[in-house]
Structures are given as C-alpha cells and as structure tokens.
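Order of writing sets the labels: A, B, C, D and E. Residues in every chain begin at 1.
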Amino acid sequence: QRPPLVLAAASMQEALEDAAGAYAARGKARPVLSFAASSALARQIVAGAPADLFVSADEAWMDAVEARRLLAPGSRATLAGNRLVVIAPRATRLGALRRARDIVAALGDGRLAMADPASVPAGRYGRAALQRLGAWPALADRIAAAENVRAALALVERGAAPLGIVYATDAQASRRVRVVGRFPPASHPPIRYPVARIAASRNPEAEGFRCFLLSPAGRAILRRHGFAVP
Amino acid sequence: MSFDISLAKRRCDRLIAAHVTAGDGVTVLFGPSGIGKTSVLDMVAGLLAPDEGHVRVHGVTLFDSTTRTSVPPERRRAGYVFQDARLFPHRRVEANLRYGERLAAPAERWIDFDAVVTLLDIGQLLRRWPATLSGGEARRVAIGRALLAAPRFLLLDEPLSFLDAARRDEIARTIEDIRDRLRLPILMVTHDAAEAERLATRIVRMG
Amino acid sequence: MLSGEEWAIVRLSLLVGGVAVAAVLPLAFALAWLLARRRFPGRVLLDALIHLPLVVPPVVTGWLLLLAFAPDGPIGAMLDRWLGVSVLFRWTGAAIAAAVMALPLMVRAIRLSIEGVDRRLVDAARTLGASRMRAFATVTLPLAIPGVLAGTVLGFARALGEFGATITFVSNVPGETRTLPIAIYSALQTPGGEAAVLRLAAISVALSLVALVVSEALARRMGRSAHVL
Amino acid sequence: MLSGEEWAIVRLSLLVGGVAVAAVLPLAFALAWLLARRRFPGRVLLDALIHLPLVVPPVVTGWLLLLAFAPDGPIGAMLDRWLGVSVLFRWTGAAIAAAVMALPLMVRAIRLSIEGVDRRLVDAARTLGASRMRAFATVTLPLAIPGVLAGTVLGFARALGEFGATITFVSNVPGETRTLPIAIYSALQTPGGEAAVLRLAAISVALSLVALVVSEALARRMGRSAHVL
Amino acid sequence: MSFDISLAKRRCDRLIAAHVTAGDGVTVLFGPSGIGKTSVLDMVAGLLAPDEGHVRVHGVTLFDSTTRTSVPPERRRAGYVFQDARLFPHRRVEANLRYGERLAAPAERWIDFDAVVTLLDIGQLLRRWPATLSGGEARRVAIGRALLAAPRFLLLDEPLSFLDAARRDEIARTIEDIRDRLRLPILMVTHDAAEAERLATRIVRMG
C-alpha cells in the first residue's frame, strides 16, 4: 500500500511538511507531498492524474475541479486562512501606513511588488483590496507583477521595489522586510485554502490525513506557521 | 567489349560528352583541364547522373537513360581512385584500406592486404591518421583502398600525381600487371604523355 | 557531504536526464539527418515543430504533454490499453518532459555537424561497396560525432535544468519527479530557503561540469580533424 | 486578427528577443572562438559557466540576475552610479534575461561551426597577407555562418519562449516586460484561460516559423559548401 | 643569397632536415614521397614551427631559433601555391584571386589581374564557386591567387599537377619569366624530372 499523494499549493509547503511529519510520528505512513502552483495541480487532477488530496491556494481552482465532479462529495473543507499585508525593506524609513492612499505616496517613483493581479491568487486579493480602498486607479500601472508571492517578496527584499503586498505568512518568514501596513479582512474576498479528497482516490489513508489536517493538532501546526485557522 | 560508354551531361555552361568503346586493356582519357574527364569517371561510377546515354562495362549495363536503369554505386564494383584522395579522416590508414576489403566477397578479392602494403610501401603508415599524411602518402593509400575492394574494373583519375619517379614506375608496373594478368578493364585519366604512351591500350581524346 | 535526500535527488536527476537524452538521441539523429540531407514538402514545418518546445514557454509544453498523456489523452489511452502503464507522477514522465525539451537543442547541433560532413566521402564509401545505409553508419554518423556530443551535452544540461514542463506535467513528487530544479524551486518557495537553493544549484553545476569534462574528453578521443587532402 | 494588446505584446517580444540576440551575438562568437581554438587554463570552467543558465532552472537564473542588478547589487549599483539607469521592470531587463538564457545555445552552435572550419584555409589567408584578425574575419567567421545562423535561431526561439528568468528578474509589467510567454503564463494561471493560452502560443509559433524560414533562406544564400579540392 | 635555409623538425617518427643555400633562380626540392618537402615549404612560409634552424630569404631573416625570431606568415610575403588548392569555398573565383591583391601595397604588385586571368585562362571561371571547379581549374586559380598577392618569393608545391601539357608549358614559361625578369627567388617541389630540368637553377635532393 503506497502512502497517499497530496497535491498542495506551493505557499503551504512548510506547514504541510510539518503536518506530514507530525502525522507520521503517530505511526501512520507519511503522505507524499507534491508542491506546485495551484493552477498546475488543478490541471493535473482534471487530466485524470492519480492523486488523493488537493490543497489549493484559493477557492477558484478548487471550484474548477469541483465543477468537473472530481472531488469526493462532502470532503471539501477550509483548511486555513491568511491575511494580506504591505511590506517594505527592513531598513525603510517609512512609518506605518494607515490608509491605502499612503501607498501611492510612499512608492515615490518605484513600483509596488505583488503577485500577478490578473492571475495569481495573492495578486487578485490584493487588487480587490486596493480597488475597495480606492487606491487601485493610481496604482494600476505601477505594479510589478510577480509569478508568485515569494517572487514579490524577493523584489522587496532586494530593494528592487520599495513596497510589496504579500501574505502575512510570507512577511513573518523573512528577516529582510518589515510589515508597514495591514489590509482589513473585509477589504477583499476571504483568503481561504480549501482541502478536498479526489473522487477517484482509493487510498484509505487519504481521508485519515485530511482529518488530521482539520483536527486541532493539525490546525495548531498551521497556526504556528502564521496561517489563520477557523 | 570492356567499356561501352556514351554519355551527355550539362554542367553549368559546359556540355560534357564522351563516347568510349574499348576492348580489353587500359583506356586513357586525355584532354585539357576542365573538359569533363572527372565527370565521366563519376558517371561511370554512379556518383553523377548523366542527362542521357548508357554505360556498359564487360557487357553489364550500369546505366541506360532509355530504360531508366541505374545500378547504385555500391553494386557497380568500380575501383575508383579519385583525383583527390578522399580518405576517411576518422579511420586510421589501416582501417581505410580495410573498408572496401571487408565489404567484398572473399572469393572476389584478387589482391591481399599484405601485397598492397608492400606494393605501395605504406607499412609504416598503417597506424597513422589520414590528416598526417603527405600528398603522395595519401595518394598511395587511396590506391590501395580501391584495389582491396575487389573491383571488377578500375577508374583512375591521375593516380600517379604527387608520386616520385620510382613509385610511379612501381605502380605503373602494377597497372600493367592488372591489365595483362587479371584483364580488368581500366579507365584512366592522365596528363602525362609518357605515362599514357606506356600504359594505354587505347587513348580517347576529349575536347 | 550530501544528505541522503540530496543524494536521492541527484540520482533521480541523473536517471531522468540520462534516460531522456539516451532515449531521444536516435530520434534526434534521424530528424537531424532528414533536415540536413533531404528536401521534402513540409520540411520547414517539421523544423518548426521540433523547435516548438523551445518557443512556447515550458509550462505550456508541460500542459500539452499532460493533455496527451492523460488517461483519456491520445497517447495516455494507448499506453494504458497496450502496456497498462501511466507516466503521470512517475519519473518516466519527467524523462519524457526532459526529452521533449532537449530535442530541439540536440537536433540543431547534430544537424549542423551532418551538414558539415563532406558528401564526397560518402561517395567514396559507396564506390567501395557500402550501401546508402552503411555509408551513413560508417561515414556520416562518426563524422557527425562532434555534433552528437555537443547535442548530448546541451540536451543533458537542459534536462538537468528542466523545470517548467516537468512540474506542470508530472508535478513535484519526491522520489519520482522531484528532480534538482524542482527541488530548487521548492526551496525557493520556503522562507530562508536561499541557502538550500544555492547548495542545490551548486550540485547542478557540479553535475554539468562533470558532463562537460567527460564530453570534452570523448571529443578529444573521437575527434579527428575532419579534413583530408 | 490580433487585438491591440496582442500586437503590443508581439512587438515587445520581437524587440526583446531581437535586441537580446543581436546584443549577445558578438560575445557568443568571441566565447565560441575561445573555446574552439584556444587552450588556456580555466577553459572547462568558462565552458561550464556559459552552460550555467541552461543547467540551473530559469527562476534561479532570474533570481541571481535580480541579486546582481538590484539597486544594491554589484552591477545594479554601477549602472546607477555611472549611467543613472536601472533595468529593473524595464524591457532592457527582459532583454538581459533573454540574452543570458540564449547565450549557451548560441555559443555551442557557433563553436561547433568554428571547429569545423579547416585551419588550412586560415593558413592560406595568412600567407596571402592577412593578419590573424583579418584571417579570422574573412575566413573563419564567414565559414562559421551556418553555426551563427543556427545559434541565432536557437537563441531567438529561446528568447521568444523565455519565461522563468524574465518574470523572476523583471516581473510582469505590461508594455515593458510582459512578453509573449509571460502573457501566456498569466493566462494559464487563470481558470478557463486555455483559449487565450492557445491563441498566444499560436502567435509564438507563427513568429518562430517566420524566423526559421528567414534563417533557412539566409543559410541557402550564404551557405556555400565548405569543401575544397 | 636568395635562400639560406637550414631546418630541422621532428614529425612523428620522422626527422625532417633541409639545408638550402641558393643564389638567384629556381631551386627545386626533389625527393621521394613523404620525405618532408611540403614541411619545408610550410616552415619557410611560417605555417609550421621548426625545432631549430634558420630561414633567410634575400638576406632577410624570417626565422631563427637562436635569436627566437619568427616573422608571422602575413609579413613574410611568400607566394605559396599549396599542394592542395585551398581555395576559399565561400568566395567566388574572382574574390579568391583578389584576396591577396587587395592586401598588397599597390606599389609592390608586379602582375595585374587581367594578365593573370589571361595567362591562366580562367576568364570564364570568375563567377564560379570553387566547389564547382575541376582539379586543374582549381589549381590554376590557386596559382593566380598567389601571384596576385605581390609576393617577394614563391613557394610552389607541385604547381603543375593536374594540368594538361599545353597549360603546363604556358605556366612553366611564366615561371621562367618570373625567374629571369623579376628575379624572384622560387622554391619549388616537383616529381617531374623534365620539369625540374627545364626550370631549375639548382636542384636540392632530400632523403
């Protein structure tokens, strides 16, 4: 019996590695974890690749899989949440930004690093927040759209961009940046990481790991990595 | 009839035409530079397609434009010594010599490796790469390679160029021997009147 | 020096890259020969098709591979019916991705060498009794060795670095498809993973250095000047 | 046929790819010549260095470029101090990424051709009064044209497909760094973006087809048999 | 002293040694195939580095192992007709002929383009690519290319091979003319005794 195969969003990597370790420590088979962009993973599932669990970085890709009836009914649940923050290089002289419009002023002639607002989940949340807060029109052509949140983080870490929008989990993990602002949770659609079992999965351990992730022990691990848990 | 050749071929601005009917022996093609001698040998060997005509050697039709016959070069069994040496640069001299020998049926061979090496005095070159040979050395190896392929007729394009008088004489004697003893038809190009005189059973002038 | 996990990744990368290059070499050679020596209708189209994996971004190539090898895809269905196997999430799939990405580089290099082979040598082989096929195998092929070596090195290096197509096609499964570049990508996604990134990248570089040294040594041994008087 | 935005992306891609290949060609040629004709200490190391962008995954290359060209990076600081410019988020940065990725392919192809040039022809040029440099320019270089063309096609195709290094280095800025592959990637990240992906990929393929046809035509015009009696 | 040459060079298993001291005129190098004639010309032209010795032409030192002098080939001004033609395959015949001419100082030229074309009868070949030339045609173009580079001395490696008798005679007459009228030192390899007889001011035997 092979251990279950979990396809998970790259941004969950550390937390899920920890969780898998903790699960194995209970005498279970350690699940095999495959991290990539949610888009790539969803496409693999849609193509019929034999996976057991899917952890997506946003609801949209989970919806796309569910629309094809590829999820085990009733297995979809919210695993974790996240917050969106504004970061600047550690050495910045900026004070805390209180209003979204402060971003425009603080940018100077630099660019705002964020994940691609057209396609990457973190970027879409960020755009929604900026739109809601009325700063988007002034910023729309000042964006440096990165491939993913980590790349946006790197742009700020290296001083290529004076400000960036990333998840709180990413900001917490970097010693080279400082959080200079937080978006109110209400300013964007809820940031949620859904988990679900794949309908075609025949691996009995898959459900066990899913339940572990959703258990208090599993949630504690996620919280430790900075995720918000329900 | 050893050679029964009638060929025409356009090359750029020039029309190459040749008519050779010859019995046994050495037929020498004689003519000024650029008249088409090499082209004729290439057509007899099957490396160049004539526009029209026919090639028969020893009564076997190798090419005929009217019947659209064209025997591929590897089955014509020509022993062709090219005007340039054309040794295989990735094989040592010995492997060059053996190339055609290995492809020939043992029963068809009429000269053996050691005899060729002695005749051409290339014993000390066997382990060499072609790129390190002098002009005359390369020429001698090329001759040896052609003889060892057990050809049924020879095409020799100025085979004695780059060779010193002693070696010329030696090889000329071998050609006479092949002509007289083995009775292989030989079509040869040379610009040397004395050489033509000595070897030719028949001289065909082009141009 | 290397951790057990790093060793496993290195072994997998070598397996994937080695199998990919070895398996695709004959095809690359055949295509290179076709493009170098034959004129046929659709030649430029074939040429373009071969360049495709270079021109479209690797993730698109990976996606197209996924469509083709999916259980209900054209190739996937055949593999399943006839051999009962699937390459999804398997190292074989990673090798397929690497092979497809390496193909254009290999074809170009080999083609360049074949085009440089003096046809007069092939003619000479023919008059010595070699069939078209044998002349190809004994003259054209060995004289195109520099291109084969260059193509193999390029292809192997590309295979060692292949990321986008692989992760899109067969994901990032430890022990099966987590090759060096994918492990690097994973490390790059981890906060503070820079050290691991540099370490893994250094391993890649070391592997390619070994491949280069080997190919140079082979080239020196096999490479005879291609010129004759 | 193409929308205004698509046209802009195509124009930008051609600009980036064209400038990248044109700018890096002399360097590629110089490196190819060094590797083909000179023996010097550190030769294999140089060779490995050139292969680097092929071996490490593109995102790592992009990341290293970012480190180098960032305002406090070694090259970025110099560019800022002396020229007062920055390539970050600019098409010039995208061209740099494309050039770096194309370099190994170009060097290999050109090197293969240079190695095929008969040195005896260079000797002949020297006795006719040509200096080493002139012999190089009038004999070696034109005879290596097939390699230059092949390298240019490979490099241009790679530049047209370059994604990982570009987006990591200079991000995805419309009109500056949003080249075809980056637009394709964006579309691929969006559920239901498949149609846009295929459309943009088809445009890439069409561009590379044109590049191939042009290069084949040039090769035919310039390509003389490299063999002499 | 036209040529004052004393050279030694190891090549594989062979030691090549040559000592030539010659006044005006044509010096013919004579010797069996593979003895080192081409190697000597290469060393005089500066294409092959001798192990030791010296090369002086017309009193100018081109090479001297004791003083570590070695003039680079392009400044030796040798008119070298190679044993193989070595035409530039990417240039048409005319551009091959002009290659050295354009690099020479106009004042140093002693023959003009038209004269060379007429002499060698290559007018109809000027637009051709070298790959389409016959053996003798390529040889004639190679001779023309060397003459047009305004050389101060000539190195001729079997220059008349592949040529028919009429053309041989024509070119031999030109060599005589260069020898007698222009007084250019000429070092020439030939295997043809008659040719040596006719042209040689002096014959140096190797081996």
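Definition applied: a residue touches a chain if its C-beta (ideal position, glycine included) is under 8 Å from a C-beta of that chain, and two chains touch if they have at least 3 such contacts.
This one's a predicted model, so the numbers in the text were calculated from it and none came from an experiment.
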Checklist line | Minimum number of chain-to-chain touching steps separating chain C from chain E | finding: 2
Item checked: Separation of chain D from chain B in steps, with touching chains one step apart -> 2
Margin query: Centre to centre, using CA atoms, which chain is the farthest one from chain E?
Written below: A
Notebook entry, point to check: Most C-beta contact pairs, which chains?
Noted result: C-D
Notebook entry, point to check: Approximately how many whole Å separate the CA-defined centres of chain C and chain D?
Noted result: 20
Notebook entry, point to check: Measuring from the mean C-alpha position of chain B to the mean C-alpha position of chain C, what distance in angstrom results?
Noted result: 44
Notebook entry, point to check: If you average the Cα atoms of chain A and of chain D to get two centres, how far apart are those centres in Å?
Noted result: 35
Checklist line | Chain centre separation (chain A, chain B; CA means) in Å | finding: 78
Checklist line | For chain E, residues contacting two or more additional chains | finding: 83-84, 133, 135
Note to self: For chain D, give me the residues that contact two or more of the other chains.
What the structure shows: 59, 63, 120, 164, 185, 188, 226-227, 229
Next item on the list: Would you give the residues of chain A that are in contact with at least 2 other chains, written as numbers and ranges?
Entry: none
Check: Every pair of chains that touch: which are they?
Finding: A-C, A-D, B-C, B-E, C-D, D-E
Margin query: Looking at the complex, which residues from chain A come into contact with chain C?
Written below: 5, 7, 10-11, 13-14, 32-36, 40-41, 43-44, 47-51, 148, 150, 170, 172-175
Next item on the list: Could you pull out which chain D residues touch chain C in their complex?
Entry: 44-45, 47-48, 51-60, 63, 104-105, 108-109, 111-113, 115-116, 118, 120, 146-147, 150, 153-154, 157-158, 160-164, 181, 184-185, 188, 197, 201, 204-205, 207-209, 212-213, 216, 226-227
Note to self: Could you list, by residue number, the parts of chain D that touch chain A in their complex?
What the structure shows: 59, 63, 66-67, 70-73, 88-89, 164, 167-168, 171-174, 185-193
Note to self: Residue numbers of chain B touching chain C in their complex, please.
What the structure shows: 45-47, 72-74, 76-80, 82, 84-90, 99-100, 103-104, 129-131, 133, 135, 138, 145-146, 149
Check: Hey, which residues of chain A end up touching chain D in the complex?
Finding: 37, 39, 42, 60-61, 63-64, 111, 113, 116, 118-120, 141, 143-147, 151, 154-155, 158-160
